[in-house]
Every structure is written in structure tokens, then in C-alpha cells.
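Shared between the two complexes below is chain A, which pairs with chain B and chain C, respectively.
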Partner chain A sequence: MEQVVYRIRRFDGEKEFWQEYSFAHEPNKTVLWGLLKIKETADPSLAFVAACRSAVCGACAVRVNGEAVLACETPLDALLGRFGATLVLEPLGNFPVIRDLVVDWEPKAVRLAEAKPWLMPRDEFSAEAGCRQTQAEFKKINAQTNCILCGSCASECNKLSTGDDDFYEPFVYTKAGKFVADSRDGAAAEHLRPVLARGLWKCVHCQECVTKCPKRVAPAEDIAALRRESIRQGLTDNPGARHALAFAGDITNSGRLNETTMAVKTDGLLKSATRLPFALRLLRRGKLNPFHFPAPVEGIDGVRAIVKAAKEAKE
Partner chain B sequence: MRYAFFPGCVLDGAAAEAREATVRVARALDIELVELPGWTCCGASHAQDVDELAAVAVNARNLALAEKLGLPLLTACSTCTLMLRKAKAALDGGLKDKVNGLLASAGMAYAGTSDVTHLLWALVRDYGLERLKAKVTRPLTGLKVAGYYGCHLLRPPQVMDFEDHARPRSLAALIAALGAEPVEMASARKCCGFHAVFPAERDVFKMTGTINADAVAAGADCIVTPCPLCQMQLDMRQPEGREAIGTAGDMPILHLAQLVGLALGMTGSEMGLGRHVTAAFHVAAKAGGR
Partner chain C sequence: MQTFDVLVIGSGGAGMRAALEAGARGGLSVGLMTKMFPTRSATGMAQGGINGVLGNADPTDTVDKHIFDTVKGSDYLGDQDAIAFFCGQAAAAIREIDYYGVPFSRDAKGQIAQRNFGGQSAPRTCFSADKTGHVILHTMYEQCLKHGVKMLTDRQLLDLAVDGDGLCGVVALDIRTGTVVPVKAKAVVVATGGAGRMYWSRTTNPFTSTADGMAACFRASIPLKDPEMVQFHPTGLAGTGILMSEASRAEGGYLYNNAGERFMARYAPEKMELATRDLVSQAIETEIREGRGFGEGMNAYVLLDLRHLGREKILERLPGIRDLAITFEQVDPIEAPIPIRPSCHYTMGGVDVTNFRTGGTALAGLFAAGEAACVSIHGANRLGGNSLADIMVFGKCAGVGAADYAQAQSREAGDGALMAKTAEWEARLAAAMARGGGPAVASIRDRLAEAMWNKVGIFRRGAEMEEAAAIVDGLAAEYERCAVGDDSRVFNTALVNYVELGNLLAMAKAAVLGAINRTESRGCHLREDYPARDDVNFLKHTLVTLAGAQYELSYRPVVVTEHQPAERRY
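And now, the complex of A and B:
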């Protein structure tokens, strides 16, 4: 192809509009190269953010054809091959927009601070001795250390898109998870409490955050780790924890999910009763059999032995 | 073609019609499904929230069972596919020896010789769409079908790795091979919310409602999905979804195997369409297979 078209969603502070820019294709360039070319040769009013150009600062994250990417490291040729000559560029999703492709991090930073994403050293550390940790201990938080706060994980987060009043951006859980797992930190509850209060069990498991992270951080895995820690601390009085425990229990008991008891185990008897109309809907169609209790699978003793061995391996 | 069949809990329970349709379709296509003896729940993307190592080990056992049969493992559920492939990736990525130490307590071992695939992938890649097309006895001419992927068959791509997660084409290609008209819907790759229906009910109903409304807006006669959990969510929770976003209009939601079965000449009854909450028989009627 000879020409590339960027169709950019613009915002001047008051109104939103679309604008197309066409420029000559050059091989082996990045999305950011195209933006800079537009700004330098066609329209200096186009606003976007870019700083390091080395996939370190995270400032240049934008949405291309609905997918968050770091503009500075994303090969243009790959996107043109995937989508054709016209690319649709938008600011990150689930962020307030300041102007054009520039999003407002201020409210996100306030939310991030609630999880106290900083080290609160254990009592035995001092200014003189420092906060040393072993390589093995560092390895446990190595992946999360790579988070550059680019916001890509939040852009397509399905839960966040539906409502953010009871859910954080995925990177908040990652940062909280890092300090909960950090051997030098002595205040795990200070990081865990806010994320548990705001949505830890409301992640919908859509895997968008894992898919979008340019640094191979996996916020969904961090959410799972925080959930495990909350269960370990006995914080199980919520439907999410009860649901997960029901699954784990069913696997040990019979090897298979028991659909009949799942709702009661998750919601309790009273809340389950409010779901009676739904249950009747399923009963009418034969989708729910209240008398179906899965028999233990062939080899269930082996399953139980494996689960027990896994538990002992961690202790 | 032979596979170790992993039905998963949902095909064993609430979505029994998906199991029936899968087995019938496989038989019609001369695909042999050997049910994995002693398979257990994959953890359904919840078990790892309690014990990550146990979740991997239980699926290592499932994989080892398939290895005993000397067959690749096939599921008809996107979440089962993801859980099994995640476990396999973790095992092959360094956990194998540690987990084999756990499996030894059950006299088992994971070698890494069996692949994990999904019915959709098997039909598209292993069986081949041209071959499938040749088996179609009642082309679904005139039927507008929106392909809904959902999450777990596409993401994360480093684990799933079948097609471009940002621009998947397999469902549209399969729908076209069956003689139907593929219809693009805006939320084909969005989450239906199934896995968080208990803790985040309000949001999940909005997600469900939006997906169904997108299919209505696209002019689809029905949605087809490769994931029985998505099917259940979009079908069983359709009234709540409509209420959550204030829309109207039924949208039949078909399991992948049901759509294939209709094109192979099977009836709506044989495909278990009567078990759906949202009336789906008119889809079969339109396809001439009541």
C-alpha cells in the first residue's frame, strides 16, 4: 500500500469529531511515527502524549481499532496487515479524555493511591540495614515490577466499561498485589483491604487486561493472587469467595461441579430464595435438575490425593 | 479423526443439549469422540482463586488421562479449553516436575504429549471447512447468524493462539460454510459476564443485555457461540439483560454444534432447541429443520 490513513477521534474540550489524515507509507515504522508525522507535517493541533519512545514510560498508549497498544513500540506494518490501510485511533477507553488522544490520569492516580502502592517496610528493617530480599523473594514480584502504568489494561476492561464505582483499574490490583507479595512489606492488609472493598471479586475474567498489557504483566493473575490471600486471611464472607470455595470443594468431593448446591453455597439460603423465579425458568426447560448430585468420578481418591499433596507442597 | 472428549461440567448438567448436539454432529462427520474416563471439573476459572497449584495439578491429571488414551483432548467449552491450555502452558513452561511430584500420589504422570483443542478449532483446522461444506445436506440459506466468540476462546492469545484475537474469522467462515449469512455484531468479542454473575450481577446483566441488543441491531436471526457458558448466560439471563438496558426483542442463542447439526439435516428437537429459554425453534423452522 502507498498511503496510510489514520482516522482519529478528536476532542477539543467541548465537542467530539472524527478527522482523517493520509500520509505516505514507509515500511518498518511505528504507530507513533505516524502520529508524529501528522503533527509535524499536517496538523500541529493534534494532541497526543509520547515521551521515552522506548516502551518504558507508558505515556503513548492509545487505542487502535479498539485495542490498546503502546504507539511507540507497535509496528505499523503489523496493524496495516491486520486491518488494512485505514486505522482508527482513539484515546484509551475507560479514561476521561482531556483533548484528542490525551487522557486524564489524575482521577486514576487518586484511585491508585487508595491501594497504597508503596513499600511499608517491616519493623525489622532500618535505615542502616535497608530492606534486603533474596533473589527468590524478588522473583515473586518480578512480573508486577514491570508495570509501567500505561493504562492499556484498563482500556478494554469489560467490568470497568460497565461501571467503575465498585471496581478499580486492573493496574491497581497489580500494584496492590505486588506489595502484598513483597517480602519487605509489613502491611499486607493495608494494600489488601481497599481492593477487597472495591471489586476484588467483581472481575469478570474477560482476560482483556492480560491480553493488552505490553509488558506481559497479567493483572487477572494478580487479582487471583489477591483473592487467594484474602481467603488465606479468612476474608470469605462474600459471594465471590464462597463461589470459588464451592468449586474447589466440589472438585475434591466428587470431581465435578454440583449445580444444584452452587447457588446456595454462593449466596446463602435467603438470597438464593430470591432467585426462585429464575430457578423455575430453568426447571421448566429441563436445564436444572434439583435431584442431580454428581457421583464421584472414577479415580476420585487420586484427585483427593493430588489436591492434598498440592496443599502440603505449599506449607 | 479421534479425540479424547472432555465434556466439562456444563455439558454434563445445565447444557446437556450441547453435549447431545456435539456427539450427534461428531458421529455424522465420522469424528470419534472417546469420553475421557474420570475427567474432573477444569476449575472453571474459579479454582485458582483458592489454590493455584492444585488447580494446575487437577488439570495435569486430566491431560495425563488423555495421554493414556494417546489422543488429543477436545472440549466444546471455551473456559475448559482455556483452563486446560493454561495448565498445559504452565506445565510445559517449568512446572512439570513439581506437578508430577503431586500426580505421583495418584500413580499418574504428565508427559506433555497431548494437545488441547476446541470443537470450533477442530472443525475449522482439523476437519476443514471444505470437507464440512460437502457434508451439508440442508444449507442454512437465508439465515442471518451473528458469531459471538466471548472471551476465553480468544484470550489471552499467548495461551489460546488459534487465530488473531483482535480479528477472529473462524466463526464467520464456519457460518458461511453451513450456507448461512454471517452477520457482524459489535460485541462479538466482549464478555457475557457469566463468571461474575454472583458478585457483580448488576454489571453482568448489562453486559448480557448489550450483547443480545447488538445482535438484534445487526439484524441477526440468532447468535451462535462456541462457549456453552456464554450460551447459558445470553439465553437464560436474557430477560434480566433486557431489563438492565431497557430493550426488547428475543434473540435465540445457539450452541455451535446445534447450528452445524441443523445444516447436517438434523431437527431442532434432535439438537435440543426445546431446552433453550429463548425460543429457538423458529431458527430451525427457518432452516427447514423443525
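And now, the complex of A and C:
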């Protein structure tokens, strides 16, 4: 391969357009190297940002062929091998674009602040003496502290793509989760409440945030941990928690789900009544029998033992 | 016009620590201006750790030892009163940021873990795996969010505005709109980081370390102190200059030449690889010059071997380093040694701070902290782990100093000086954007880097530096007619780079001037034509001041209290 082509989605503040740049291939280079090459030898007006060029500042995340990556650490050769000589570069998804590949983080910072992402130390600690924490406790927050706020997870999150009114960027849950998991923090509920109020139970488990994170952070796991913690704390007065509890309850009782009572337990009687047309459709098709209460499955004692063990393991 | 009591410029550890301190006081309006999103700062790149005498790993460690190590490390160019103050505060600063949420690695007792670092007589470097700066930076950011510090993101400081009665505020480029905006402030803290990008092609620094704050203060007649003191880190990746943290040597890495020798035995038989950075960098370059390296010219290198540490230790203690070596050098340190070569790392010199307790400068209302500042505690050579401690200790001091000043200040500065500066920059930037033809910014920048690396690098000679001075002057002349290449007002990064290059040129000129006239060898400043340290004539700080268009040179004695200069051996 002699020439590499970057096909870039550009935006000048008013209109969007596509532009192609081609440059000579060199081995063992990165996506960022190509962008710099274009800016320095072909078109100084191409806008993108980068600072550390070593995958720690989070500035350079862009979408290449539809997937968010850190431009500075992503090897060009690997991409060229997979996609051929032309790569399509776009700004991160789910962010407002300022110009070309530059996105606006300011609104994200406002949303992040809502989750109260700061340590609220336990009373036994002080600014003068610092804190104590065991190695094992430190390890519990080590993964989350890797987040560099690059936005890759937010770019690819399927739930966020449907709108951000009822959902946060995945990294917001990770930040909240970090403090809930930090043994030095004494106010888990403070970090939990804001994320509970916005989307904690709405993640669709697509795992995009986990596979796209360049720093091996796993926002989806943090979301799961936050959910468990919210239930442990008795913050169950919401559809998500009720659904999960109903789910667990059914499994413990009978080893199977009871679709009929599930909706009522999850949404409450009134709200589930609004789903009546849907339920009636199911009824008509014989998918739902309101008079059927499932009998326990065979081996229900085993199921209950598993649930009990799982509960104990978590505590 | 936006107006603040305290305006901090730069969102690295120093700037955010200062903003937090001023913000937490309450009752003051505090702004934090930064040319990128706050967490994109050099501070986040620090891997190794932060120094303070906690006595966790070694109960016999003392503040006095930290002081002596720092004085000796600085090759006696550090001011001993400031160093004593700094070492006395470092432990408290670390405990405090633990309380703010910095997730430190822990020892068996649950205390903050500490390890060895170059040039230290005890294991006193606190760390969080190999991402210490990253977690400090993000914790500072979290605290700024908590305290509601007003962030002015995507704003590049251009100049300070000063009238007959003192500081009025600053003018900045609003990168989003391409307009020059005045910001009024009673007190300003400059915390814009270092100038490593003078050596563009071989530096560990991010693209943003372009001496902006240093140059702005310089243009406001504040001296640059010791600008010739530039630290080269021994272990930059051969191809890119990206840093392999000192932790890689601290955890026990070996350095080999092409004959398979651990060559540090020749230069520092006791400390070996753990000698100070200046010594190890000079040793590596000597090996390369004398033909014992691998490769040729700019591509020459030696090897850093971590294999004997074993897979587990590498994965647990040095995971970030391993990732970098794999990504940028295609080498997995578990299996093969890493090609490395020194890389420009840290600017010891900077804005002349005259009151270390407040970060105050000669201009009332102007404070400086962090790598942009020169207190001086690092003298001619900074110890690993002392910079993160510096930005936490002196960032806080500057926050207090600026807040106190703003509270006591009753003067309402007029708008005259601010508006005049704004108009001046607006015209200058408009002209630069409109200009066609002319040399490209990147071309001037690359030639500056080449001249600096080859002629004002690790080994220095008077004659070569005179050549460098002439080259820098020539480049500065070219700069006056260079082309930005983009006339858009929306997020014009070419314009940002243009401004940065002007600052790099000013800083480089001061550095070369200081270096030519320091006819001795001290710390990182190694004169082959003057190989000995000369305490009789040079136990003093260089001060470069702008007078009209002239760069003027003067000196100030080093503060020596307890430790008389002695030969430095490791």
C-alpha cells in the first residue's frame, strides 16, 4: 500500500461536508500521525485536538469507520489491514460538534457534575491525617480510576443515542461507581441518587462502552454494581429495581418468571394498566394467561440455594 | 467584560490546586482559564509518583534528608530556604489530597505506599500504580467541580494587561469564536506548565507545553529565571520521545549498550541506574556518541531491560509503561528490552517567583506556580517525584496568595490597558490569518527543535550555542511573516499553534542566552568547554528580562542556608 486516504467528515461551524486527503503510507504509525501529516503538509485548516499522544489525556478520541478510538494509540497498519486504504474519520457520536473532529465537552462536564463525582470522606478521616485503605479496597476502585474522560463510551452507547434526557454518558456511571466503591467514601447514597434518577436502570446492556473503552474501564459493570448497591441500600422505589426484585423473587419462588405479575410489580398497578392494550394483544395470541400461576420448576430447592449463595457472596 | 477576583491560567495540577484553594475560601469569584478541556494536561501524564516524607516505607526517613537530597539533586542551584519550606509541606500536601480522593496504592498497613526514586536516600515516592499524575489531575478536577470553580475552557492566554498602577487582567483567544477577549482580574495565577516543546521532535511533553505563560509574563517585564535549565529524561522511547517512567528504573530496570554492558557502572557505580536524571542522560548520550549505542544519528538508542523483573511485577507495577512500549515501539517489555534515548522532559526555569510562600512575583497581583514558575526548588536538576509535590504545595500557596491579595485589593482597575491589549492582539492575529505565502508554522517549529536538540541539548559548547542563537533569531524573523494557513474564526487550531510558536521562540532565545553565558557545568547544563562546576562565579540564578526589544541578562545569588556546595557524587 503506497497511499492512505482519510475521508473526513468536516464541519465549519455552519455546514457539513466530506473531504478526502491522501498521503504516503509509512509503517508503524498511528491514526494521529496521519492527521498531523495532513495538517502540517496539506491543510492547516483541518481541526482536531490532541495533547499527550500517549493515551492518557483523552483529547484525541475520534470515530474511525464507525468506531470510537484514541487516534494517538491506534495503529494505522492494523486498520488498513482490516478496512483497506481508505479510512472514514468522524467526530465522536453523541457529542455536539464544534468544528471538524472537535467536539464540545462543556455540556458533558455539567452532566458529570450532577453525579457528585468527588470523595465524601468518612468521618474518621481528616485532611490533616489523610485516609486509610487496604490494598484490597484500593483494587476495587483501581479500574474505574483509569477513566481518562475520552468520551469513546458515550460515542458508541446505544442507549445514549436514543436521547440524553433519561440517560447519562457511560463514564458518568463509572465516576459515580468509583465513589460508591471507595472504602474511604461515607456517602454512597449521595452518589447513587443522581444516577438512579437518571437512567441507572435504563442501560440496554449492549456492552459497547466496555468494548470501546481504550483504558479497560467497564461502565456497564459499574452500572450493574451501582444497581446492586442501590438495592442493598433499599433504594428500590423505582421501576428498574422493582423489576429486578420481582425477577429475583419469581426465580426464588418458582424457578421461572411470572410475566403477569412482573408488569404489576415493576410499574405498579396504575402504570401497568396503561400497558393494557399490549397485554390484551398478548392475551389474544395466547401468550399470556392471567389465570395461570406457574408451579415451581423441578429442583426449585437448588435454584433457591443458588440465589442464597449469590446473595451471601455479594455481602 | 468577564471579571474575577482570582483568575487562574492553566488547568494542570498546579492551576487546579490553586483554583480550588481560592474557590473553597468562599466569597471570591474564581475563574480557571485553560486552552483545552481541563483534564488534558501534562500533569495527567506523570506516571511515577509524588515525594513526601510520610515514613511509611522507611520510618527513618526525615524532612532533613528530603531537603538534602533536593539540594544535592539541584546541584546546589536550588534556594535552600524555599526547599526547606517545600519539603516541610510535602507530606501534609499528600495526606490532604488523599482526603480529597486521590486513590494511592497502599502498603500492608493501609497507608500510602512509597517507593524508591532516582537521587533519593529513602523510599519516599508515593504512587498510584503508574498513573499517579493522572489520578491527581482527575481528583483535582473533581474537587473543582465540587467547589463550582468557573471553567473558561478553550481559551488561550495571550498576554497580561498592566497599567501604571499594576495588573488589570489578561487578554485571551476564545478558541471557539476566534475572538480576542479581555478578562479583568484582581489577582492572576499563571500555571501554564513547561516549555518542553522547544525540543518538538524529542520531548516527553504534550503538544500544549509551549511556554505560553512564561512568555506572557516575560512580555510583561517579569524575568525568566534559569531558562537554560532544561531536564532531559534518560528513558524516552527511541522513536517518539514518549516517556518510560523513572519507575521503570526504580523498580529495577537495567540499561545496556550494544556490547551488553550495564554501562552505568562506569558513571555511577553505587547508584547505577538509580543515579539522577542528568547523570543517566549524559551517560546514555556518551555511550551513543562513543559508538556503543544501537542505530545512527537521530535514530540511535540504548536498551532498557525489564525482563528480569518478571511478568507479574511488570503487569502489576508497570502496566502503563508496558502498553506504551507495545503501542509505540512494538516491543513487549515482558519479552524484549525497550529501545530508549533521552528526551526533553522538564523546564526547571520559568517565571521568576520572588516569594515562595505566596507564589508572588515582582508584579503585584501576579502569582505563578508549577512548571511555568521557577521558585527555585529544582535548581539545575529536578528530582523525580518532586514536581507533583511542587504543584500540590506551591499550587496551594499560590491559591492562598492570590486569594489574600484579591481580598485586600480595593483598586478597581480601569479598562484602558485591557482594551488596548485586546485591540493590539486582534489586529496581530487578523493580520497573521490574512497573510498568504510565507514559511509554515510547522517548518519554523521543526527547525527550532532541531537547532535546540543538536546545539543546546544534553552536551553544550559555546560556539555551537552561538550558532543556535543566530538560528533562533533567524527563525524569529521568519515568524514575523509566516502563514497560519487557516482564516476561520471557529476553533482555529492553526492559529493556536501560531501563537504557541511565538512563545516557544521567545523562551528558546532566553534559554540559549542563559546557557551561553553560564560558563560552567551544573546539573543538566553540561558545558563541554567548561566541564567543572564554578561556585565562585555561578552560584547564582540567571535572570533574563525583556527591556524594549532587548533580552537583558542579570543574576541573583542562590540562597544557601545549611548545605554548603559540595561535590555531587552518586
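For this structure, a couple of remarks:
We take it that the second predicted complex is superposed on the first by the 305 of 315 C-alpha atoms of A that agree within 3 Å, B and C clash if a C-alpha of one lies under 4 Å from a C-alpha of the other, contacts with A are read in each partner's own complex, and residues count from 1 in each chain.
Methods note: contacts are C-beta pairs under 8 Å (C-beta built on N, C-alpha and C of every residue); 3 or more make two chains touch, one makes a residue touch a chain.
Everything quoted here is computed from the prediction, not taken from an experiment.
Partners chain B and chain C, once the complexes are superposed on chain A, both fit on it without clashing. Residue contacts after overlaying the shared chain place A:163 against chain B, while chain C stays out of touching range. Contacts of A:227 after superposition: chain B is touched, whereas chain C is not reached. When the two complexes are overlaid on their common chain A, residue A:237 makes contact with neither chain B nor chain C. Contacts of A:206 after superposition: chain B is touched, whereas chain C is not reached.
Once the two complexes are overlaid on the shared chain, A:124 sits clear of chain B and of chain C alike.
In the superposed model, A:83 lies in contact with chain B only, and not with chain C. Judged by the touch definition given at the top, the superposed model places A:245 against chain B, while chain C stays out of reach. When both complexes are overlaid on chain A, the residue A:67 reaches chain B alone and has no touch with chain C. Across the superposed structures, the minimum distance from chain B to chain C, using CA atoms, reads 16 Å.
On chain A, the patch touched by chain B and the patch touched by chain C do not overlap at any residue. Listing the residues of chain C that touch chain A in their complex gives 36-37, 39-42, 44-45, 92, 94-96, 98-101, 103-112, 128-129, 131, 134-135, 138-139, 142-143, 145-146, 151, 153, 176, 206-208, 239-240, 242-243, 320, 323-324, 327-328, 330, 440-442, 484-486, 488-494. Against chain C, the residues of chain A that register as touching in their complex are 12-13, 28, 30, 39-40, 43-45, 47-59, 73, 75, 98-100, 102, 105-106, 109, 112-113, 116-119, 121, 125-135, 137-138, 141-142, 145-149, 175, 179, 182, 184. The touching residues of chain B, counted against chain A in their complex, run 9-10, 12-15, 37-41, 43-54, 57-58, 61, 82, 98, 101-103, 105-108, 151-152, 155-157, 164-167, 190-191, 193, 195-196, 198-200, 202-204, 206-207, 232, 236, 239-240, 274-277. Residues 65-67, 82-83, 158-159, 162-163, 166-167, 199, 201-208, 210-211, 218, 224-225, 227-228, 231, 238-241, 243-245, 247-248, 250-251, 255-257, 259, 263, 266-267, 278, 281-282, 285-289, 292, 294, 297-299, 301-303, 305-311, 313-314 of chain A are the ones that touch chain B when the two sit in their complex.
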